[in-house]
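The following blocks contain the structures, represented as structure tokens.
Next come two complexes built around subunit A: one with subunit B, the other with subunit C.
This part shows the complex of A and B:
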């Protein structure tokens, strides 16, 4: 197992190196002066120029420059934002929790509703139920997220006026960030309005989370359904039936654990799409997350923010895909069987 | 009254090549406390018959039968819930491929405990421990010594034989009245095979367990079974008490099977041709009409394109137009009849 983890670790490091190399090359092609692209400092003084040249080894060859770039980025120096002149890493730390909050809520929603509905779709003998569920999920899968987000905010936000359509929390509430997750912060806060702030935060997260959850939800329903249908034909399910076990027991104890393995795999494959959808959703609902921040950075030609955002998002996706694979191995005894053979 | 009484059971499979009669008017009677052997080649529909009796049909099956009585109750009219209640408690089955009959992601012990009968007298918090104890006891009985190791393993970590023993333990733990054993010992060593058969016979004698023993080895079946049914290509060829069938087979197929058994007397000439029927068993897509043995049968005649009905002679049944007679074989009389 240790050897396996080491190999995954190795994969993470190698992929990150490739990512940094791509970013390094892209930085040199930005249509601005290289020192500005690297650090984001507007009008550097002579000392600053000397410092930048030393830090990024701008006097040496390309490889030397790449090593200097690596050193700076890996130690957490992402430069300063060209527009706000704040360190990019601080801004990133401020926006990341909001994105995570949105993504976690959306993923929980998708799994919470997707898995039972997938089971229902696979177990139902009724053709109408099956086709209805399949039609709904196919529709959800093909709806463009920007249209869905705008339509939902138009219906529920503007016309019905039920839910707020932008931001994370009403500006009236002043909640000190502790964890960065507003839902948790409002609960932890000792402000007299903490309870109503929590409800307000909940209302704010509903629309963006639902919009973002639609795609993974449909994928979960469809993959759960196909996995369970194929598993219900396996001999061990027939054998469990022959032991006289109850159908619900068979589905929950025998079919579902087997079915979740391919579901997990399809979720892992979907991470990239999920991240780009999250960015769009954040922009639509003005969610103060990394996506909205990155998009505004792009509009403002803020090269350091673009680099920092792309680096952070890509690293997170790489890390999560590898984590999902490790998790897949950890919870799936069958893949450990293959691991046995490999080592 | 027979425990299980099946008349003219037909199973049709929907295949890409159209509908195929995999079982053609099969009749089978199992009396209480009897070991009934079902012999046939692989692909002859033995497992289909077993699954149809148990009530776990595949999704492309069409099952028709004149009657299918379990202890006087019509199995065909039962709801799936009633059938499920019979399974495990009254009818149990040992599957043919043991390692794929165990859930790969759950430990063997958990599955074993799941199948154990619940002791209703104990308070509910002690029932699980009790089930575990019963599970160990049954594992011991089927010849597994290191029960702890087996129970904490996954199915794919065990050998085929060990899986098979676990499946047998699961099947007999609930003390069913009918045990369908589909090749229960095909991946075991000879002495373990004998041990398992002794265990089954003991259960049969002490607890009146009826067993439908499915195998392709006529030799093994002839040792352990009271009655035999011979199946070929989804048709029952012959059925009757083992000793009588062995002594005087009526059906050419049974006779061919008996001829196949090597005698180990060393009297067969070196490199002599094995005495088998010509040709090979037809596939499901190319089944002959009438008696399915027809094209391979040494006694086949024009009449054999009509399916022979199961005829009855004392306590023996056979489906053949030209059976071997008990008296010294007289071809002239049998051919003209």
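This part shows the complex of A and C:
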């Protein structure tokens, strides 16, 4: 296992290097002066120019420049934002928690509703129920997320007026950020309005989270269903049936744990799409997360923000997908066997 | 009356025929196939049957409701937007952009991905591992981020969408084909062919290829639906097709200003995207379930 973990670590480092190389090449092709693209400083003084040249080794060859670029980025120097002149890393730290909050709530919603529905779809003998569930999930899979977000906000936000459609919290509440997760901050806060602020935050997150949850929900339903259907044919399920166990016991204790392994795998494959969708949802619902920040960065041609945001999001995705792979190997002895056989 | 069999042998349908019959058994997939064919025809001939030019503005018919509404007229079947442009004509012209461009992107990245994927799949050891992991790094950059990078370098525009979505799609094809070939290489019939003295190319083309067509086809349908959604999303964010363009996602974003007074300017292009992607996914789903009994 240690050897396997080492190999995955290697993969993470190698993939990150490739990613940084892609960013490095892109940075050199931005249609602005290279020092501005690297640091975001508008009109650098002579000393600043000398400092930038030294930091990023602009005098040396391409490889030297790449090493300089790596050193700066790895030590957390992402430059300053061209529009706000704040360090990009601070802005990133401010927007990342909001994105995580949205993504976690959406993922929990998707798993909470997706797995039971997937089991139901696989167990149902009724053709109509099966077809209905499959049609609904296929529609959910095909729906353009920006349109879904707009339609939901038009219905529930404007016409029915049930839910707020923009932002994270009503501006009237003043909650000091502690963890950055508004749902937790409002609970921790000692302000007299903490309870109503929590309810307000909860109302704000419903629409964006539901919009974002549609894609993982459909993926979870479909993969749970197909996994359980294929597992129910296995001999150990037949053995459990022959022992006279109750169907619910068989499904929940014998089939489901094994069915969740391919579900995990399909969730890992979906991460990139999920991140794209999350960015669009953030833009539609003015959610102050990394996606909205990045999209406003591209509108303003804020090259340091673009680099920092792309780097952060892609690193998170690489890390999470490798973590999911490790988890997959850890809980699935069969894939470990394959691993040892290969070595 | 039972049929009398004169001949001893039964007619055994070819795999292709069995596959086609399995596909026909699924009414949803078949309906999807017809819809896809309709969209394909619209993408080709849509501009010919459109009653108005996509940018023609009618100052007497601003924000006209669709024809089934009491205030709508049949001249503008699906209503007009805030500049008096006929939505139906714009949709027809947009089919060419959204659907046609998606097909083009998928075709280009399929060819590229197929070449890289088969080379890396047939190779062994370090070279293959480097080639496939190099693209894993690209795979981990979501298509939207890739598009943002491309737009930052080249500026917004429909032709840059081609690069952005293409770069994001290619690694998926490479990975799928690499894995499919890799799996087939482990099987015994390949070893048998190798013992018969087949060289690498013969093994690839005559032995493995016939067995990975299904993966390729399924991956292509997935790619087309992903490409349409990406093109539309980029158009919506103003990073792809620009304002007067009748690309469907751009139409949604142009209708955003009048979302409250004229919701149909947003709803109708959205439904067009949904129908298009849904029909492709139905076909893809039908293909997959038609192929799976053959595999088992």
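Everything that follows uses one rule, which is that the second predicted complex is superposed on the first by the 338 of 343 C-alpha atoms of A that agree within 3 Å, B and C clash if a C-alpha of one lies under 4 Å from a C-alpha of the other, contacts with A are read in each partner's own complex, and residues count from 1 in each chain.
Please note the rule applied: contacts are C-beta pairs under 8 Å (C-beta built on N, C-alpha and C of every residue); 3 or more make two chains touch, one makes a residue touch a chain.
Values in this document were obtained by computation on a predicted structure and should not be read as measured data.
S.K.: Are subunit B and subunit C a fit on subunit A, or do they clash, once the structures share the same frame?
M.R.: Here subunit B and subunit C can both sit on subunit A without a clash.
S.K.: Using the touch definition from the top, say if A:42 reaches subunit B (first), subunit C (second), both or neither.
M.R.: neither
S.K.: Output check: A:273 vs subunit B and subunit C. Expected answer is one of first, second, both, neither. What do you get?
M.R.: Touch partner of A:273: subunit C, not subunit B.
S.K.: Can A:241 be said to touch subunit B (first), subunit C (second), both, or neither?
M.R.: Once the two structures are laid over each other on A, A:241 reaches subunit B alone.
S.K.: So, A:332: does it touch subunit B (first), subunit C (second), both, or neither?
M.R.: Touch status of A:332: first partner only.
S.K.: In the superposed arrangement, which partner chain does A:54 touch: subunit B (first), subunit C (second), both, or neither?
M.R.: So A:54 meets neither subunit B nor subunit C here.
S.K.: Considering only the touch criterion stated at the top, classify A:11 as touching first (subunit B), second (subunit C), both, or neither.
M.R.: second
S.K.: Looking at A:258, would you say it contacts subunit B, subunit C, both, or neither? Reply first, second, both or neither.
M.R.: first
S.K.: Quick one: name whichever of subunit B and subunit C touches more residues of subunit A.
M.R.: Comparing subunit B with subunit C, the partner touching more subunit A residues is C.
S.K.: Counting only touches as set out at the top, which of subunit B and subunit C does A:303 meet: first, second, both, neither?
M.R.: It touches subunit C, and subunit B stays clear.
S.K.: Please work out how little space separates the C-alpha atoms of subunit B and subunit C at their nearest point after superposition, in whole Å.
M.R.: 9
S.K.: Give every residue of subunit A touching subunit B within the complex, in rising order.
M.R.: 233-236, 238-247, 253-254, 257-258, 261, 332-334, 337
S.K.: Per the contact definition, I'd like the list of subunit A residues that touch subunit C in the complex.
M.R.: That would be residues 11, 14-16, 18-19, 22-23, 26, 29-31, 131, 134-135, 138-139, 141-147, 150-151, 154, 158, 271-273, 275-276, 279-280, 283, 294-295, 298-299, 301, 303, 306, 309-310, 313-314, 317-318, 321 of subunit A.
S.K.: Residues of subunit B touching subunit A in their complex?
M.R.: It is residues 51, 54, 56, 58-59, 84-89, 92-93, 95, 97, 100-106, 111, 114-115, 154-157, 167, 170, 174 of subunit B that touch subunit A.
S.K.: Please give the residue numbers of subunit C that touch subunit A in the complex, ascending.
M.R.: That would be residues 28, 133-134, 136-145, 148-149, 151-153, 155, 225-226, 229-230, 232-233, 236-239, 249, 252, 256, 259-260, 263, 266-267, 269-270, 273-274, 277-278, 280-282, 285 of subunit C.
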